[in-house]
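Chain lettering (A, B, C and D) follows the sequence in which the chains are written, and residue indices restart at 1 in each chain.
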Amino acid sequence: MSDAQTRELLVEQLRAFYGREWVSGTGGGICGPSEDGNLLVAPTGVHKERVQPEDLFVIAVADTSVVRPPTDDSLRPSECSHIFTLVARERGVRSVVHTHALSAVLAADLATDTDHIVISDLEMLKGIRGLTNQDRHLLPVIDNTARERELVAAMADALADPRFDRAWGVLVRDHGCYIWGADVWEAKRHTEVYHYLFNALVARHDHGYRPPAIHTSPEEGTE
Amino acid sequence: MSDAQTRELLVEQLRAFYGREWVSGTGGGICGPSEDGNLLVAPTGVHKERVQPEDLFVIAVADTSVVRPPTDDSLRPSECSHIFTLVARERGVRSVVHTHALSAVLAADLATDTDHIVISDLEMLKGIRGLTNQDRHLLPVIDNTARERELVAAMADALADPRFDRAWGVLVRDHGCYIWGADVWEAKRHTEVYHYLFNALVARHDHGYRPPAIHTSPEEGTE
Amino acid sequence: MSDAQTRELLVEQLRAFYGREWVSGTGGGICGPSEDGNLLVAPTGVHKERVQPEDLFVIAVADTSVVRPPTDDSLRPSECSHIFTLVARERGVRSVVHTHALSAVLAADLATDTDHIVISDLEMLKGIRGLTNQDRHLLPVIDNTARERELVAAMADALADPRFDRAWGVLVRDHGCYIWGADVWEAKRHTEVYHYLFNALVARHDHGYRPPAIHTSPEEGTE
Amino acid sequence: MSDAQTRELLVEQLRAFYGREWVSGTGGGICGPSEDGNLLVAPTGVHKERVQPEDLFVIAVADTSVVRPPTDDSLRPSECSHIFTLVARERGVRSVVHTHALSAVLAADLATDTDHIVISDLEMLKGIRGLTNQDRHLLPVIDNTARERELVAAMADALADPRFDRAWGVLVRDHGCYIWGADVWEAKRHTEVYHYLFNALVARHDHGYRPPAIHTSPEEGTE
């Protein structure tokens, strides 16, 4: 996919996410692969549904430096850039989504006295690469910090934790979530699926639903 | 209706279902009648709102074999194909919808210790062919399986069960639902109506609503 | 407004109502004034978001007879026609909306052991002609019947009941509501406002909200 | 920004707000800066999603008098005009939004026996100028009045109250909210953010969520 196509696709995703109230009020962000192996990222502090293809930055995966800025020099790269590059390095992916969806905040609220949520008994788990609908899927929940950048340390810990090896996202308490995929299409799918799972978890919690029993998790996960 | 028109209509329905969050994250599917008496089905593993008319397969009702693949040979027919053809054979219909709507999952959750839900006291029952608003309508709930194909046996049992003779759908626990109609328009109507009924059932359950009394079900059902 | 303009406006409203899930699965309906003093009504049993301007019937306010059918002779006038003309005669209005909104069903559920709901303590009451935000507004709730036409008797009783003189709508238990206005624009406004009020009533009931005290209702109602 | 651009932007916002059901049934309103230092305001009593750029009034910040009416002389300026100019004078801003969002009404319901709500433990607080996600943010709640104009006195008191110095909005019980920003873009962002916060507060209240502890509020607030 050319950079021009990726730029179009990224701003289209931002508009779609905005329509679902996942990136309201200038919140949230997205990145995708540039042809030179770096990341195309949206600017910070702008209305995300208004971002234009030419507004994106190219930043280096290695050190988050700006490789190519947009021509509009009033723009600054996303506050999420350091997390985006961390995830890219640690997981070898090139597309990361950050949302402020209320469903993510409410799902993280369920993790009282623990550092993760457990998702199980839902077919939609199959929509996450490597998972089956028999899995008990652990998704890390980290505490919020005063500045987005300060999330990096806790995020790095979560990514290094073997309990979360199969997670394609991290919840940030009181804040939202980061979700990723190998490319923009997979990140889009994972974003839709995890937000569905957040809604399901919260709704079932409200209804007092208790899953019947703990499943054994077969190793042969497929999408 | 020509195959070209049916293809257009099917992809239009997928886009509409996606807009309602019934087929998020590449989940869900649809089929409709081809002119030669077989089924036009969407491919698997793709973003359903992006399916193009030329992406559809023609599969045989009799044995689910591929009669005509799309030109894009990276595509594979829907995982639901075996269920689509089962329903087509057993109920003589030509359009089946599969959704992952959260409302379907939550409605199935209401069937604790039983294999069906009961829908009653709702005018919208009339939107299902053969039903009146006086009916106590039984909709089967089957358990989920590791693979979509493995649902076939339980689905066949549900279709053969005389208690569910008047059902135009099946709920799959933790997963979603299958809903059908004679043609795409009827399947669309039934899909909208059943999802409305799922929402109503769950909302009334949340509110502690209890229907006043059991109605006798007159035989003269009309739409 | 010419009949051509009214036809356009009515089908536009149906599409908008469909988008809000008020007329799903072919349910619901609408009528508006024709230039000759009769009613333009949508056909029955069709997907309401698909109705075209030329699909509408002109029916007589006096006796509900068809004055001018659409050219497509497979169409039949709305099942609601007898209620539409009843309301037109009794209230002197020319536009009536019928929805199956779940919010209307859930609001009617709140009327246990009584024949009406009470709406108060909401600014949006001002959106109904003649009401102030100080009013305790009574909206009648009638029981559903096997056929839409059989609602006419109970509807006539509600319209004749002096307690409901200021009501611009009627709730039908398990079914939905009828809402009217002098013209299509007022019916649209009343429809939006009453559905807002239904949602507010149900949400406040869920939250255990109790209005502080009963207001005295000043006579000088304004919009 | 030219007046023509501001007019376009204002009516675009009204359509967007209507799509979110914040300004249904002719309710709600918006104003923005005119080039001559006054306010462009929408007319009253009209369907807000239908307002055209040429329908806007220019009113004087100083005394709310009409500086330039629209050519359609059947229109009258928004009922909110006196509140819009009050906020403009007291806070030095030029764009104010008024919504009837149900989420605002339900958030105000939480303020039993008090004159404000407290918002904390949410990243989205950063979307309000001057706030951090460590703040306990106080938003005033005033009582509704029979006429919109009569809100002015209570609104003035709230604006003068030092506890609410950092508030960019006011909740009106049973009614909705007023939210402002320096310009239309900031008012849009604040409107999206506060409505998100209202939803979050109500949802967390429903779930029995209690924030862990009271944070100290650092003075170095940034957006």
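What we mean here is this: contacts are C-beta pairs under 8 Å (C-beta built on N, C-alpha and C of every residue); 3 or more make two chains touch, one makes a residue touch a chain.
If you're wondering where the values come from, they're calculated on a predicted model, not measured in any experiment.
Enquirer: By the touch criterion stated at the start, how many steps lie between chain A and chain C on the shortest route?
Expert: The fewest steps needed to get from chain A to chain C is 2.
Enquirer: For chain B, which other chain has the most distant CA centre?
Expert: Following the centroid criterion, the farthest chain would be D.
Enquirer: More than half overlap in residue numbers between the two sides of the chain C-chain D interface, or less? Answer same or different.
Expert: different
Enquirer: Approximately how many whole Å separate the CA-defined centres of chain B and chain C?
Expert: Chain centroid spacing, chain B to chain C, equals 31 Å.
Enquirer: How many angstrom lie between the centres of chain B and chain D, each centre taken as the mean Cα position?
Expert: Centre separation, chain B to chain D: 44 Å.
Enquirer: What are the residue numbers in chain A that touch two or more other chains?
Expert: Within chain A, the residues that touch at least two other chains are 206.
Enquirer: Under the stated contact criterion, what part of chain A meets chain B in this complex?
Expert: Residue positions touching the partner: 121-124, 127, 132-134, 185, 188-190, 192-193, 195-196, 199-200, 203-204, 206-207, 209, 218, 223.
Enquirer: What part of chain A is in contact with chain D in the complex they form?
Expert: Residues of chain A touching chain D: 21, 24-27, 45, 47, 100, 102, 105-106, 109, 144, 146, 172, 174-176, 202, 205-206.
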